[in-house]
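These are the structures in question, set out in turn.
Next come two complexes built around subunit A: one with subunit B, the other with subunit C.
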Partner chain A sequence: MMLKLRVDNQEIEAREGKTLLQACLDNQIYVPNLCYLEDMESPSASCRMCFVEIEGTPQPVPSCTVQVKNDMVVKTDTPAVRQLQRTALRLLLSVHDVDCKNCHANKKCELQNIAKFLKVGLKPKRLERYLKETLIDETHPFLIHYPNRCVLCGKCVHICRGKHGESVLTFARRGFDTIISTYSATDESSLTCGDCDTCVKACPVGALAVKESS
Partner chain B sequence: MSPDNRKNIDIKFNAIRKEAEKHRNEFRDAPVPKIHIGMATCGIASGALETQKAFKEALVENDIEARIHTVGCFGHCYAEPVVIIDHPDSGFPPIFYHEVTPGKAKMLVKLFLGGGDPRFEHVYGATEENDMIPSVTDFSRFNQEKRIVMEKCGRIDPEDIYDYIAADGYSTLVKALKLDPEEVIKEVTHSGLRGRGGAGFPTGRKWNLAKSVTDQEKIVICNADEGDPGAYMDRTILESNPHQVLEGIAICAYAVGAHKAMVYVRSEYPLAVKLVTDAIQQAEKLGLLGKGILDSTFDLKIDVFQGSGAFVCGEETALIRSIEGYRGMPQHRPPYPVQKGLWNKPTVINNVKTLASVPPILDHGATWYRSIGTQNSPGTAIFSIVGNVVHAGLVEIPMGVSLRTLIFDICGGIQNNKKFKAVQIGGPSGGCLNEDFLDTPIDFDSLTEAGAMMGSGGMVVMDEDTCMVEVARYFLDFTQKESCGKCTFCRIGTYHLLKILERLTKGEGLEGDLELLETLSQDIKAGSLCGLGKTAPNPVLTSLKYFRDEYEAHIKEKRCPALMCRPLTAFYFDLELCARGCDACATCCPVDAVFTTSNRKKGVDQELCVKCGECLVACPPEYDAVRKVSPPDLVPYIEKPPEKEKKDVK
Partner chain C sequence: MNEELTEEEKEALKHIALKLETFEKHRGNLIPILQMVQNNLAYLPSEALKIVAQHLGIIESEVYGVATFYNQFRFHPPGKYPVKVCLGTACHVKAGDIILENFERKLEISDGETTPDREFSIERVACVGCCALAPVAIIDETVHGHMAPSKVEGLILRIKLQEEIEEREKKKNEPGQS
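The block that comes next holds the complex of A and B.
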């Protein structure tokens, strides 16, 4: 069943069961997002980017966690929404190795897109920059991981698990030290990777790359 | 249940109860003295095992017959090891002894049990009113408490199910089984019981939501993943009276229609894990749990699941993920666990204290429960009060008692006659309140309004020597390390907060840091995914609000008003007071920072000093010459004589 809702004073239609974020994106209303994948059973909601305000809800909510309803009135561009999005982006950039010209994701990078959209500079002004010691993790036989580019959206983990039943990549450690890790899965014969580069393609920021030798 | 079924339940339970009473009477009527020893983790940590051993040895040595009865925690942790000696032949009532060391134990066996002299100088009080010795109920620590959940804690042996049954245990499960599940939920709803894990969600409503799902298997989980620093309410209850929690779980499961339940307890609580596991086995053996409980048609299997040490797993969605075998990361709510929980089944998750409140509520009725506490927060609150307070420990009070009564009357005020400075309620998610809030009533809504929160019951009392910037840094260090790392605000935002606070405590604060702390905190609160991130900035926000001048002193004057932040303090010796030739400070300095001046007094080499404060302790009180100051440049210059050439000593 198609439902009708109002987003930014524009009438849009969306199929019942869709997330509000998906409905916006399908109707060319851009809402910044990093961790959202349409096929997820429950949204990760971890990047905290896709905030919108819904009439009747006091605070901004991540639009990936909301299902469309008839007559919903939504605003994607309020000061409170932008404040949260800009802070989230600045936090991500404060731990990001901004070296765009040497990054293979340059010009296709979601962080660049969002920064441009939100009019936020890539160098965070007020926040200190904290980078991890490991610049490049090459322990995996097929993949290269750049911890200081990773935004920990978890798309690679989810997509790998979806395709191969279990994920080669997973989260490790806690708090600020959380990283994407292969848990030293270095035995080529036991890895399901083969020619698969789904995780690399899913990465929104160029934190994963296929090793050239493989 | 059918009438026949109900009759069977009574017949079966009465037989068990008779057996329990037989056990109790045999113990009670034995014509020998009884020694009750508090043997929960707090007691054991204070040496209760050694005390128990000493009692046993002394009884043999003096050839005295007595019964040793190990019980749980009385809640009087400041007094551990706690022993109650009941020696009717002496003519005295049962007597409460505190801090019973092995030496004291041997002495009491010889002189009290052997000679009938209770040694008045060691008596804390009698446990009942009498004409001979003051009763403990004369103390407000005893008489202002209202024990509902902890009523049996410290009175019964947690390892003996008969002890609990003889004290009316499991009788409310019997009562519940004879009611319709709807009636049980109605009673709990009427009681106004709110979740004691911290959020205060109405328990009856949660149960009703679970009950309304009819086509699926349901699960009940008891959340005992207590992780707040300094909080140990759930541990103590599980260690002192596990059966009351199990009874609460069974009633809940019966009410919502679940046949599977779990106790999620952290593995750092080995004694609680053991006691709960044993308790389940005992209850199953007697037919109080398991298949066909008390010959009724109700089955319930309770399992124990050990958490692996992540604080965030106390959050219900992360708790569920961890049982399912995934990394303990919270999920977005809704769906709430009661709609879609463990293995996608409707799951009721209640805190230990919530479930342990259920048997007394069903026993005495919802109206009785409502008469305790306040309109919107009925019942009692259990706090583990720690910090600079005289009578630290576990306290159960009616909701609505003021912080002042709790801290100053019940817990005896601040140690060493120091001034009260702040109280931190609700653990790392809570807030620091100053003395303006001492008359705030303790209930869910008043504390939230003040900027703190009820939380699960952790309360840290701080005196004037505590630096609030350092306290905020401590809690942020904790939450940052315990963040699961999933969402941006919590993972990176709290790290920035921590780094700024670290800077402040080192005297490296910058103009604008406070504003940055504030805006960042607000955004983390509004933007985080789960309760951990949403509440992590609370210690920063409340301390900034109520102790702002202290933050400003750290930035503008590089001064720590409480003299706590080491980089901002320094020691020196007042040469007017320093005694010539005295070496007390020099001998204890671990880094040889104390030097002797030309007139044989002492000075501190500020380059070498690590600010441990040992000299302050060592300086004899008649001189009291050590001064601690902040900022460090207040230290007067004291000339260090040139070092004499050391002769080679071989």
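The block that comes next holds the complex of A and C.
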């Protein structure tokens, strides 16, 4: 069933069961997002980018966790929303090794897009920078991972699990130390990979790449 | 992550493989299984993670992801002299992290790791209950209060010397040597 809702004073239609984020994106209303994939049953809502305000709800909510309802009235660009998004972005950038010139994602990077959209400099000055010790993880036979470019969105893990039943990539450790790891202590995980590069394509930034030699 | 297993550990691993059979092949058993393995081996070597993954029919990286989430699991054998550096509130305020860094630099390993000769391992711990002595480090069972970066080298050296002396004593007492 098609539902009608109002986003930023614009009338849009969306199929029942869609998330509010998807409905906005389908109607060319951009809402910053990093961790959302349409086929996720329960979105992790971990990037805290996709906030919007819904009439009748006192606080901004992540639009990837809300399903569209008839007559919903939504605002995507209130000061409260922007403030939350800018803070989330600055926090991400504070643990990010910003070196776009030397990054293969340069110009196709979602983090760059969002920074431009929110008018936040890629090198914010207010927060202390905290980088992980491992700059490049080359333990996997085919994949290269750059922990300090990773926004921990989890798309690679989700998409790999969807394709192969279980994921070669995993979140490891916790808190500030959380990383994406392939834990390729053995070469069995590489068998699963074959010439698949789905995870590399899913990465919204430049944190994953295929090794040149493979 | 890949220390060679000792002969003893290889034996323990066989024992673990048998014990695994008593656990139902169910994801929910992952944590109890990892606890069983660590009880037998004192840490979780990659060889063990592998047989656990095989038993449960899940991928190794998943076992690793779950295991690294919890503080209770370790991935390196405990050293003969475990160094525990307190980073509780008081020690944190008194720059315990600098003490930790000094041990890491001197022993050339990171927090959570073990020297290749398995003599020393480093671990950060939360308040050990003698905040008045902050910053605190515990080596083996001995508490060292009011730690300073300059004390780190001396402490390690003392242990190494002690070891050498004991070694020599032992040799002296071996029959046919004196």
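As a working rule, the second predicted complex is superposed on the first by the 209 of 214 C-alpha atoms of A that agree within 3 Å, B and C clash if a C-alpha of one lies under 4 Å from a C-alpha of the other, contacts with A are read in each partner's own complex, and residues count from 1 in each chain.
Operating definition for what follows: contacts are C-beta pairs under 8 Å (C-beta built on N, C-alpha and C of every residue); 3 or more make two chains touch, one makes a residue touch a chain.
Since we're looking at a predicted model, the values are computed, not measured.
> Answer with first, second, both or neither: which of subunit B and subunit C does A:Gln67 touch in the superposed model?
Neither partner.
> Of the partners subunit B and subunit C, which touch A:Asn27 in the superposed model: first, second, both, neither?
neither
> Could you say whether A:Gln112 touches subunit B, subunit C, both of them, or neither, answering first, second, both or neither?
Touch status of A:Gln112: no partner.
> Comparing subunit B against subunit C, which has contacts with more of the residues in subunit A?
The partner making contact with more of subunit A's residues is B.
> According to the stated criteria, A:Tyr183 is in contact with first (subunit B), second (subunit C), both, or neither; which is it?
The answer is second: A:Tyr183 touches subunit C but not subunit B.
> Which holds for A:Leu169: it touches subunit B only (first), subunit C only (second), both, or neither?
Once the two structures are laid over each other on A, A:Leu169 reaches subunit C alone.
> Once the two structures are fitted together, what part of subunit A is touched by subunit B and by subunit C alike?
170-171, 173-174
> What residues of subunit C sit close enough to touch subunit A in their complex?
1-2, 46, 49-50, 58-62, 64-65, 68-69, 110
> Within the complex, which stretch of subunit A touches subunit C?
Touching subunit C from subunit A are residues 133, 166-174, 181-186, 188-189, 192.
> Provide the residue numbers of subunit A that touch subunit B in the complex, in ascending order.
The contact residues of subunit A facing subunit B are 42-49, 51, 59-60, 62, 65, 80, 83-84, 87-88, 91-92, 94-95, 126-128, 130, 151-152, 154, 170-171, 173-178.
> Inside the complex, what are the residues of subunit B that reach subunit A?
310, 327, 329, 331-332, 335, 480-489, 491-496, 499, 512, 516, 519-520, 523, 526-529
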